[in-house]
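Two complexes follow with chain A in common, the first pairing it with chain B and the second with chain C.
Showing the complex of A and B:
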């Protein structure tokens, strides 16, 4: 594989984490414009762990995931009462708060004679664990793909264990769900923690691929894209958001057919899909039909 | 068994329910009628806990439900259907029943404990409910793909799945044909015969007067009459309340 293909595939996989994260909350009936904040927390958390504290890679990534899940759960705790537009604005505000904080957050330590760590708006350089370990881009792509497979497997496990069903139930009609005794608030907090952890995993992997991150990368538009991927790809399966990423990054961005008009095409595509298929291409009804067909 | 004591609900200056007292006896079908906006649905919402009463209490077998959350009332044995059908459209028919049956156990069960539990919607009890509501051929169909009448039947089966002691039916025959109404009446009787007390809100007078043991009439949030169907139909206040529409009045007399 040439460098370009590897970089495109890496991008698709990394954005998939963010898209799945927003998708989990869409399933729970919540529209979040702020999942990029957890991507950022994962990137900074894992980056600090490996580059500044010199932790092993796996441990650093785990730290990033834990940070994202913890903050996701904590933020959801008060936000769980909000719904619709109010929830969307709260997530947007929180993500901007994280970005503004990272803009002034400086934490530099001397590592082998070089000052290393986040330096406010100047960003965070030298997250070099992967390169120092001598991992070529192709091998690191396998690491990313493995992690993505892990997330897909986790969602499959949660589907089998009915957590996803409970999430869909709560998302579809929280009042009815509450009447039947389902723990609506607890389910939504768990979903937010899960979504935070998944986005943070993507961020952690991204930071080690790019070696450099800065707060400006985690803007609202990143979060809006993540949300749009789930909406066009479909809410019926975890492959929905991945399909969304494939369409946007795989086709529109990488092939450069539409060159400068990419965002116009993407925006139009989102609008058309939302009109024709309000819950995306791979929506619940289609997945239900697929499941019924497979059972035969 | 179910006792409402001077129950009121005010929305700003509107007294949707204004001091209603009712007592349902174990195993009876109790009809609650009244013109549109007389407070029937609000009464059900107060019993199930969707609304908090301004004043008054709701008791089930002497236990005060007034401060309980909706799901606690469900666990106590209060179940309902909705005037505007509410189902989980993305779930199958059987799954809708499974949720109603197990919502409560799900709450208590440990989060991880149920991870690997699957296939619960194939329980014999759910099979029986499907047969009872004539939905057995639709068990794996998404609820949103059902016909209107099937959705109504699923709602009632869903209410029964939580094993209620008292079932609140909010206009179950709305939009139904006369034959469907007769089948529904049969189902409501069967439900009562299984030991479930029924509170029935309905506009189809034939249905209410035909199957209710007792009937109460609401007007402007107050109870204006209560008694056997025959007594209520003969009541002058009731006729006056319905006289706004001549048609309704005749319907009431001929029913």
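Showing the complex of A and C:
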């Protein structure tokens, strides 16, 4: 594989984490404009752990995931009783708060004679663990793909273990769910923590690939894209958001056939898809049909 | 103390423009029960139509104003068809995602047609600075105040004193009830959408004429400010939209003065988050009717 293919595939995989994270919340009946905040927390958390504190890579990534999941749960705890639109704006406000805070957040320590760490709006340079370990881009792509497979496996496991079914009931009709004795608020908080962890994992991997992150990268635009991927690809399975990412980044950006008019084409395409299939390409009905066909 | 009051004045002026943006959002949300993410980008199209007229023929303020409003209305009509009229009735999420896609589309089209980083927009240079004792009021700011006041009064009259207004209110209370009582739901929705776009166009014109230069970032900016002001004030309330806009404007102006740009951002969003948690019904929001609560939950 040449460098371009590797970088496109890495981008697709990294955006998939963000898209899956927004999708988990959509399943729980919550719209989040703010998953980029957990992506940022993962990136900064893991970056600080490996670059400043000199932790090993796996531990650093785990720290990032933990940070994302913890903050995701903590934010959801008061926000969970808000209705749809209010929740959406609350997530937006929180994400912008995180971005604005990172803009002034400076934490620089002397590492081997070089001041390392986040430097406010100037960003966070030298997250070089992967580079120093001598890992070629192809091998790192395998790491990213492995983590993505892990997330997909986790969602599959949760689907078997009824958590996803519970989440869907809570998302579709919280009142019915409460009458059935499901802990609605707790389920939603758990979903938000899960989504935060997934996004943070993506962010941690991204920071180590790019070696440089800055607050401006985690703008609302990123979050709204992540949300749109799930809605286009379909809410039926975890492959929906990944399909959305594939359509946008894989097809349109990489082929470069629509040079410059990518968003015009993508926007029109999405609008038409949503007119024809309001719950995305791979919606629940489609997945049932596929499942029935597989069983035959 | 003088600073405090001066900031308050500036904040109220820019806040009245925010209020107009929020009014547009509220009108659309009222009749559609859906979020129009492309609202800001429709305004963007209008503003650039005005800037084009300015650059091409050095037109006067009135034709530029007309072009801005017309551009916003035309772009909004496109959004209404693609993201609302043609999307199935029970798919509120699809409308939101679709309007986001159209936002991207409109923004890219504008960016393609106007590739420079920023463009000039005519300002009210001829008007003098107003002095009120120790305080100053920029003429653009005075125009913002006045326009917002006039528009809100006109809108209030339209909604409470005319048959069209009654239909809009019926529709926003309950779509089914409106249909049963013989209201042409589709037509009223389209007209309200157009009205909201026109109000947005006016707000966009005032903001652009105050700044004197415009960039493609204005679309997202307008969407965010309008959305935030609407939610602060209370969903579905016109008064709330205006109050939300004014509060947002004042808070931003004060925080900018005392804490600087990054302090303003942190302060604004922390306040917004806290306001949502503590006061989800908004500053002047009332208890929602069941239908409205259902729609808000469902969006």
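Assume the second predicted complex is superposed on the first by the 296 of 296 C-alpha atoms of A that agree within 3 Å, B and C clash if a C-alpha of one lies under 4 Å from a C-alpha of the other, contacts with A are read in each partner's own complex, and residues count from 1 in each chain.
Simple rule for what comes next: a residue touches a chain if its C-beta (ideal position, glycine included) is under 8 Å from a C-beta of that chain, and two chains touch if they have at least 3 such contacts.
Quick caveat, the model's predicted, so the values are computed rather than measured.
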Superposed partners chain B and chain C on chain A - clash or fit: fit
Which of chain B and chain C A:267 touches, first, second, both or neither: second
First, second, both or neither for A:285, with chain B first and chain C second: first
Partner chain in contact with A:106 - chain B first, chain C second, else both or neither: neither
Chain touching more of chain A, residue-wise (chain B, chain C): C
Touched partner set for A:122, first chain B, second chain C, both or neither: neither
Partner chain in contact with A:5 - chain B first, chain C second, else both or neither: neither
Smallest distance from any CA atom of chain C to any CA atom of chain B, in Å, after fitting: 10
Chain C-touching residues of chain A, taken from the complex the two chains share: 26, 31, 78-79, 82-86, 88-90, 92-94, 96-97, 99-101, 103-104, 121, 220-221, 224, 227-228, 231-232, 260-264, 266-271, 274-275, 278-279
Touching residues on chain C, where the partner in the complex is chain A: 35, 37, 82-83, 86-88, 90-91, 93-98, 100-109, 112, 220, 224, 227-228, 231, 235, 262, 265-266, 269-270, 272-273, 276-277, 280, 293, 296-299
Chain A to chain B touching residues, read off their complex: 157-158, 160-163, 165-166, 168-169, 172-173, 175-183, 190, 284-285, 288, 292
Complex contact set, residues of chain B against chain A: 48, 50, 69-71, 74-75, 86, 88-92, 95, 99-100, 103-104, 106-107, 111, 114-118, 140, 142, 144-145, 162
